[in-house]
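Step one of this worksheet: look at the structure below.
For clarity, chains are labelled A, B and C in written order, and residue numbers in each chain start from 1.
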Amino acid sequence: MNMTTTPAPPVSMIDPAVLPTGNGATLEARTVAAWFAEHQILDDISLAMPANSVTAIIGPSGCGKSTFLRVLNRMHELVPKSSLAGEVLLDGADVYGIGVRPAETRRHIGMVFQKPNPFPTMTIRENVLSGLKLAGIKNEGSNDDLVERCLDQAGLWREVKDRLGSAGGALSGGQQQRLCIARALAVSPRVLLMDEPCSALDPTSTLRIEETIRDIVGSVTIVIVTHNMQQAARVSDYTAFFLGDEGRPGTVVEFGPTSELFTAPNDPRTEDYINGRFG
Amino acid sequence: MLVAVTTLPDGVAAPVRRRIVASPTRADRAFQALVIGAAWSVLAILGLIFLFLFMEAWPALHQAGWSFLVRFQWFPDLTPPVFGVAALLVGTLVIALVALAIALPVAVGSALYVNEYAPRWLARPLVTMIDLLAAIPSLIYGMWGLYWLSPRLNGTSRWLTDHLGFIPIFHTSRRVFGSSMFVCGIVVALMILPIIASVTREVFAQVPRTTCEGALALGGTRWGMVRRVILPFGRSGMVGAAMLGLGRALGETIAVALILSINFQITPHILEPGGGSVAAHIANQFPEAGLAGRKALVAAGLVLFVVTLIVNMVARVVVNRSRSSRGLVD
Amino acid sequence: MTVTTVPSPNPASLPTPTRRRPQAITPAEGVRIAGVAGVAVILTALVFLATPLSGAFGSVVFAFAAFVALEVVDVSLRLDPQAAKDRTATILITGSAGVALVPLGFIVWYVVSKGIGGMHPGFFTKTLEEVGPLDPASAGGAEHAIIGSVEQVGLASLIATPLGILTAVYLSEYPGRLTRVVRFFVDSMSGIPSVVAGLFIYTLWVVRLEKGFSGLAAAMALSVLMLPTVARTAEEMLKLVPDGLRESSLALGAPKWRTVTSIVLPTARSGLITAGILGVARIAGETAPLLMTAFGTDSVNVNPTKGAQSSLPLFVYQRVRNAVPSQVARGWAGALVLILLVLTLFTVARLFGRVRKAA
């Protein structure tokens, strides 16, 4: 079976030129640290994730990758007794600034989770539109167009266009995850965070998600946490290597363009990790 | 472009934790207020129950003074009124203890059966059936106890008094049976069985499976595992469950009101007709009571409320502690 | 892919293996148990013929006790002490599960057999208004009581279900130190005697506010009893909603209240219905609080806000307290309706709960 397909030519009626391109924003973390109660998870993380690019975060389990992602869109504070230090700047504005509402930040910085979780009480169509309703946003154009555009961007339109009214839970795991991506895109986020989006999926579905990531990066900045170094190499423009061992909080060991980091790492620990010597 | 980020050099202060300011929207605040209001209404209701019962009962309590707790008779309409809950309280306790003595072993046994002995296909229907016992109205238990169970227990009662009559509780002076605290105790036992069974089942289910299998793998019998692992582990949970059952038994009203013929005597002879129960007495007397009588009944209700609330709270503390000590805070 | 199979050494000499069930009771063991049971039955028959002991119920109890005793003697003669103890415990524990269930059958059977006689079509369409003490059981009915029950239980649900679900939302969605306090009091509240709830509304509504006896007063007393059941069941149901759904909703930029109302509550819908039904089942048969709130009457009172009202449990209770046989027969007919109603509610609640888990 030939799985290295080139991206399918868009069959949608929508002119791709209408897609908002360059909508992605630069996201910058400055000296970020994070705690759960008195347990420090992250220490002194400074990263600039350039607009309209894919930044991959790799590192062994427990180094705080997911926590970092959740700090970026203020999901971290949902955990009781959590706290943090530093700043997160979305196009220069601190998302933790006084008067900034977490809901507003999360609308601009969307998130796709490890386990696909479409809302079980909603149809496919309703799932895509759920963000508008949940965030209380008025859609300027037609909802039909929005559903088609988002599903198309997520590479799901052709598969589901005839059953938009059926339950989201009836899709396969990979399709569900792409539905979740479409759902996240519908509120036009400027950054999309992906927390190991493929770890619950089979290899074929994984490749489809990776294609989707490359397709949408023109319109949104992507930060992806992954365990899979091949995946990081395939999809990302920049890679950050996180490490936190023996109960010490996680820090960034190295950050740079993916091609350089994988071929000529500066730090021996990075080299050990990407060559599979630990983790 | 390669940026290596290192940790802060010495002399640079550790990162300062920020207070996360999450100013909720007005709608969020309103919703939270609504939800909290609903939740605290529960506490408000408990407080109001005490307040209103107390206000209504105060004249009667004030008149009767401490004699309310030690007097046997119930003549609130006399001048001066003469009434007290002593006989009723003792009777309530006797019925509850009889019920507990019957229900506890059966409930623990059936909990063990469901968790450890029953085949898989039987366990779930069995739990449903035991829960169903809790769904049957008290009224129907009372009718069944009065018409069906009571006459059928006469033979058993006679046998008990004939052969075990030297034990005070089984003694009878007139060899008349039925409508007794014994019958009430059995009926109430059925009613409190489900709650004891479900709490103990839950506690037993928290015994780590590996510990149980460890006991079996060492060559222990199943009973050995139950006795050495499960029962010691679940002991405080069983105590709490028994107290929850006790709380229910103390407050049981209509079934006891139908079965028991209340006679305002403190008697240890549970097989004879007679005895007392606070709740049943309130239900019996209320429709016919005069104004003073109703105030006196509210006073009795106040005593019942305070006693059952205390028993229930202590029971919950015991059950919750047995849960959290396993690191399983609900 | 090729699969290499290992050729079996000598196919003819190996019979297909028979399935063994290590836990099953062997036929020999079955025969032995049946034998012990037979001896117990014979012994019971002899004892009941030779002594003044009598009655079907007594004989069943005696036979069961005899069976347990004989089993214990039998196993302790044949097995070592450890194994004998194990067997004895197994018998007693299994027996206690049986003891817990037997009364359920007796009760349902007895109510059905007693109630079916007093049942007639007029039971649902007539009242007791013009029924004299000498009229047969077929005269009059419980129409007024059924109307009262429907109104009282309906109103109680209208009060307790929203309040209970909101309490459950607090307990499950706003965890914290205070939540534990509230949960503790909700649990404690579930143990207050029903008669106390009745006295509470009597003192508050009937006496202090001088509203008099009414169906509404009864509904308020019932809602006090219903609230903890609904709140705690609903809380368990809300906890079944995966956290991922809440996070997804928040990550889309939803405020908390919208996450709860648009995602959490709809996802738990069938569970919340179960909670409501269990609450209704809890109060449908309550009698004691109605004595001091609805008070009871023999005629139809459609208005729940004013004047005494009857209800099915109250109707049954007041018939049964009466010594006249025709009245008692009406009471049993009412009890039959009541038990069928409660069993139906209970079953429906279970079915809803099951659908929820399957989805």
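One rule holds for everything that comes next: contacts are C-beta pairs under 8 Å (C-beta built on N, C-alpha and C of every residue); 3 or more make two chains touch, one makes a residue touch a chain.
Since we're looking at a predicted model, the values are computed, not measured.
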Of all other chains, the one whose Cα centre sits farthest from subunit C: A
A-C against B-C, pair bridged by the larger set of C-beta contacts: B-C
Rounded Å distance between subunit A and subunit B, as computed from the means of their C-alpha atoms: 52
Averaged-CA centre spacing for the pair subunit C and subunit A, given as whole angstrom: 49
Distance from subunit C to subunit B - Cα centre to Cα centre, in angstrom: 16
Shared-contact residues (touching 2 or more other chains) in subunit B: 24-25
Residue list for subunit C, restricted to those that touch at least two other chains: 255
Multi-chain contact residues (two or more partners), subunit A: 102-103
Subunit C contact footprint on subunit B (complex, rising order): 24-25, 27-28, 30-32, 34-43, 45-46, 48-49, 52-53, 55-56, 105-110, 112-114, 116-118, 126, 128-133, 135-141, 143-144, 146-148, 152, 155-156, 159, 190, 193, 197, 221-224, 226-227, 244, 247-248, 250-254, 257-258, 279, 282-283, 286-287, 294, 297-298, 301, 304-305, 308-309, 311-313, 315-317, 320, 330
Residue ranges of subunit C in contact with subunit B within the complex: 53-55, 57-58, 61, 82-83, 85-86, 88-90, 92-97, 99-101, 103-104, 106-107, 110-111, 114, 162-163, 166-167, 169-171, 173-174, 179, 182-197, 199-200, 202-204, 207-208, 224, 227-228, 231, 255-257, 260-261, 281-282, 284-288, 291-292, 295-296, 313, 316-317, 320-321, 331-332, 335, 338-339, 342-343, 345-346, 350
Parts of subunit B lying in touch with subunit A, wherever the complex brings them together: 1-5, 7-8, 15-25
Subunit A to subunit B touching residues, read off their complex: 31, 33, 35, 43-47, 74, 77, 82-86, 96, 98-99, 101-103, 251-257, 260-261, 266-267
Residue ranges of subunit A in contact with subunit C within the complex: 73, 75, 78, 80, 102-104, 106-108, 110-111, 113, 115, 117, 119-121, 130-131, 133-137, 180, 183-184, 187
